[in-house]
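Here the chain labels run A, B, C, D, E and F in written order, and each chain numbers its own residues starting at 1.
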Amino acid sequence: MSKQKNLSHLDETGSATMVDVTKKHATSRRAEASCTILLNATSYDIVQNNKAKKGNVLEVARIAGIMAAKKTAELIPLCHQINLSNVAIDFKLSKSDQSIVVSASTATTDKTGVEMESLVATSIASLTVYDMLKAVDKNIRITDIVLNFKDGGRSGTFIREKSSSHKL
Amino acid sequence: MSKQKNLSHLDETGSATMVDVTKKHATSRRAEASCTILLNATSYDIVQNNKAKKGNVLEVARIAGIMAAKKTAELIPLCHQINLSNVAIDFKLSKSDQSIVVSASTATTDKTGVEMESLVATSIASLTVYDMLKAVDKNIRITDIVLNFKDGGRSGTFIREKSSSHKL
Amino acid sequence: MSKQKNLSHLDETGSATMVDVTKKHATSRRAEASCTILLNATSYDIVQNNKAKKGNVLEVARIAGIMAAKKTAELIPLCHQINLSNVAIDFKLSKSDQSIVVSASTATTDKTGVEMESLVATSIASLTVYDMLKAVDKNIRITDIVLNFKDGGRSGTFIREKSSSHKL
Amino acid sequence: MSKQKNLSHLDETGSATMVDVTKKHATSRRAEASCTILLNATSYDIVQNNKAKKGNVLEVARIAGIMAAKKTAELIPLCHQINLSNVAIDFKLSKSDQSIVVSASTATTDKTGVEMESLVATSIASLTVYDMLKAVDKNIRITDIVLNFKDGGRSGTFIREKSSSHKL
Amino acid sequence: MSKQKNLSHLDETGSATMVDVTKKHATSRRAEASCTILLNATSYDIVQNNKAKKGNVLEVARIAGIMAAKKTAELIPLCHQINLSNVAIDFKLSKSDQSIVVSASTATTDKTGVEMESLVATSIASLTVYDMLKAVDKNIRITDIVLNFKDGGRSGTFIREKSSSHKL
Amino acid sequence: MSKQKNLSHLDETGSATMVDVTKKHATSRRAEASCTILLNATSYDIVQNNKAKKGNVLEVARIAGIMAAKKTAELIPLCHQINLSNVAIDFKLSKSDQSIVVSASTATTDKTGVEMESLVATSIASLTVYDMLKAVDKNIRITDIVLNFKDGGRSGTFIREKSSSHKL
């Protein structure tokens, strides 16, 4: 019962509901999420060469991530509509791991936070990389979608724990 | 150069382009994707109890995944518009791992495949679980978003390799 | 239990699911829905005079209904995406009742029917009338949203019963 | 002529226009709308049993209504874009009437009201119930879509008149 | 290099990015854009006669322009989401030129300007005219899409130069 | 009166309506549209240098155009929903004119043509170029949006007349 009360998206009878933020204050809020894309040698080479020349795989993914962040409230049923003041997507390539780390930062001045906007941007940017490379590597794996950071609002600053209580 | 030719979403000058499927045949096509959500003890209990009683966290996530599958061509820039004949989302809870495996199957009769539709459904369903539980567990991690299976079309059947050439 | 099986949008465990239409045939399908808008003397006069001169209230409503029909699969979670071959909206004014009957006909050649498309078109056209008149009449009432007719597909032709088993 | 001036969505030449709210103040605004769904014995039983067990018909409808409220400005041509601070959907079953009363409350802090958001939420939630039950009852009737209440803004509080001047 | 810095939508490495407006102030902002549609004698007559009677070609275009303005952030990848306080579309017919000048004014109180909203409204209203007349005149030409005016924000007022430095 | 009959988007009473394509056959259809963007020396140099290095202005515009083509039926009120089998956007820079010619080709196999899809792609790609360069050149002008070519369907092939009957 007390746990149920903690779960702000379900009302006391267990039905889905938006959190009522009517009385909350609009404050500056930011969030950063990331994930990792694991590639094989062929698909990694294409991204890296491509990047050296034209950068198109990652540029298309970047645009997709930015546009998806703006669609978050259409995708996540109980999210509030938030007008973002910033979305930035960053890619870090690691040749030794054949991996790309995708990060998304979002910001707003509003009554509720932008965690979901960063997570959606990260996920859709990564799936766009998958889409553009699936002709050569259908085994691409997207992993470790996590929220790294948020600040602003009543619940304050969150920084991801490195050794969390999650079992896997 | 030969690799570049393999990458069907980039034309010979490296610019982004949709794959021209005008001359391909409409055939029956299916795809299945999955991912794993890793929870802490508190958030896992909420989902499991909730499931026993009302199932709302997973039911909201299921609806979100189905609706997102239908939006794939709006989210992934170079995806074709496909009218899906089926979307099904499945959840498997594991108490020992405090995890939920989310699977999405999609189907169509069209000129191109539905891999991205399954992957988008899986991702958005999982992010909806995150959204509904983030008040109690911001460290939730979504991992191993992969395509398990596709069939139909000229490239035939794909079944995910268990021991792939991906390093991590 | 047998009733549950009849309810095609819920699977055997009671979870929401799209109906799998993969093996159904694309055939010509039509549907017609209607509803009634009840106005006061002032708002009715505006629509009628307006109609004589410029017709704008009803013309905006007509466009809204047509555009909404095309969005049905985005609005109704378990609806299939259907490309409509026709949408037509019709208005009948009755001075004695101070009412407008709104009808919407839709058509497609696809694997599943267009009942929801007609119902959505009718509803959104009517709500647009409300929106344009609410400055002078907030008591407008929209009533009797019903499906009058459908044909095509395995379940064949449906024509609404005038004296149905509904109590009110 | 004076009536025409009252109709804020048409300019003086009768063309459609958005109301210019540039100089209005952002204030707290709420609205509540409702409608009634009339079922036959079979469809009513499914909803009621379903509710006792899993609640899925109404839960899918609830999600649909919340998501539709967020899409109001895309559906109603002359509506302003409003970021909602709350959407809540409520269902009341009446066994004697074989009916469901659907209510939707919405809130914002903005320059214009949320009447249409509540009405859209109510309508789409009800149409989703229709969609999920149409396999067993195509004669379902949605009736009495009305605005019950609004407050906030220059025009102040509105409470629906029980015996209105509408003829039917 | 200094030019690159001026181009606010590309970061220093040349990748696409939204402009971060987090620290800007919400102020009243307006913009006006226009374009010209060039018709042949037949299509011009239809619009003009139509206008005298029902005005439907231009009324459908007007609605399309208003609705498109509200979708700007979905269409232009790096645009911020802005809730408009006004959109107004105006048409001026010139019989001697067989032309229609389409103007769109938009307004908001927000952290960034509405130039793109006016330009999108103008363009989509014009394309809607094309769509409604293409059965009789596929040679219709839309020309001179320009921003005429903006005010508000740090960069202040812009009024289009009549003799610009553009070569054609 | 006979002209009115030619205008397929208005019914005999002058109200807006979709063209009923229910009985038309699905055939292969293509269309190509183009327009010209006129820049000043500074903005032209940025695009050209950018193109040599990273190509981002045009790559973002290309993605915007492809995604907008897929949204045509949401933007143009009376357009049918069409699933495109191809969208390709091409840019030709002319240093002497300080201009960019934007072309968009689209294709489908469906019951109606894709003229509007090509025109929408061209327009939104061009407006995206405007958006990315407006910080350095607000006087950019987009001109000569035209349909160059279509084939497929009952009305057959259209090729734009160079010396049309349009006065300007």
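Here is the rule we use: a contact is a pair of C-beta atoms (placed from the backbone, for glycine too) under 8 Å apart; a residue touches a chain by one contact, two chains touch by 3 or more.
Remember, predicted model here, so these are calculated numbers, not experimental data.
Shared contact partners of chain A and chain F, listed by label: B, E.
Chain centres here are Cα averages; for chain E and chain F they lie 15 Å apart.
Distance between chain centres (mean CA atoms), chain A to chain C: 37 Å. Rounded to whole angstrom units, the spacing between the C-alpha centres of chain A and chain E is 32. Annotation for chain B: residues touching 2 or more other chains are 15-16, 54-56, 59-60, 63-64, 67, 71, 74, 77-78, 83. If each chain is drawn as a node and touching chains are joined, the picture fits none of the line, ring, star or complete shapes.
Contact between chains, per the stated criterion, is found for A-B, A-D, A-E, A-F, B-C, B-D, B-F, C-D, C-E, C-F, D-E, E-F.
On the chain A side of its complex with chain B, the touching residues are 3-4, 6-10, 14-16, 35-36, 38-42, 45-46, 49-50, 53-54, 56-57, 59-60, 63-64, 67-68, 71, 74-79, 96-99, 115-116, 119-120, 123-124, 126-128, 130-136, 138-147, 150, 158, 160-161, 164-168. Residues of chain F touching chain A in their complex: 54-56, 59-60, 63-64, 67.
Per the touch definition, chain A reaches chain D in the complex via residues 15-22, 24, 73-74, 77-78, 80-83, 110-111.
The part of chain F that touches chain B in the complex is made up of residues 28, 55, 59, 62-63, 66-67, 70-71, 83-88, 107-109.
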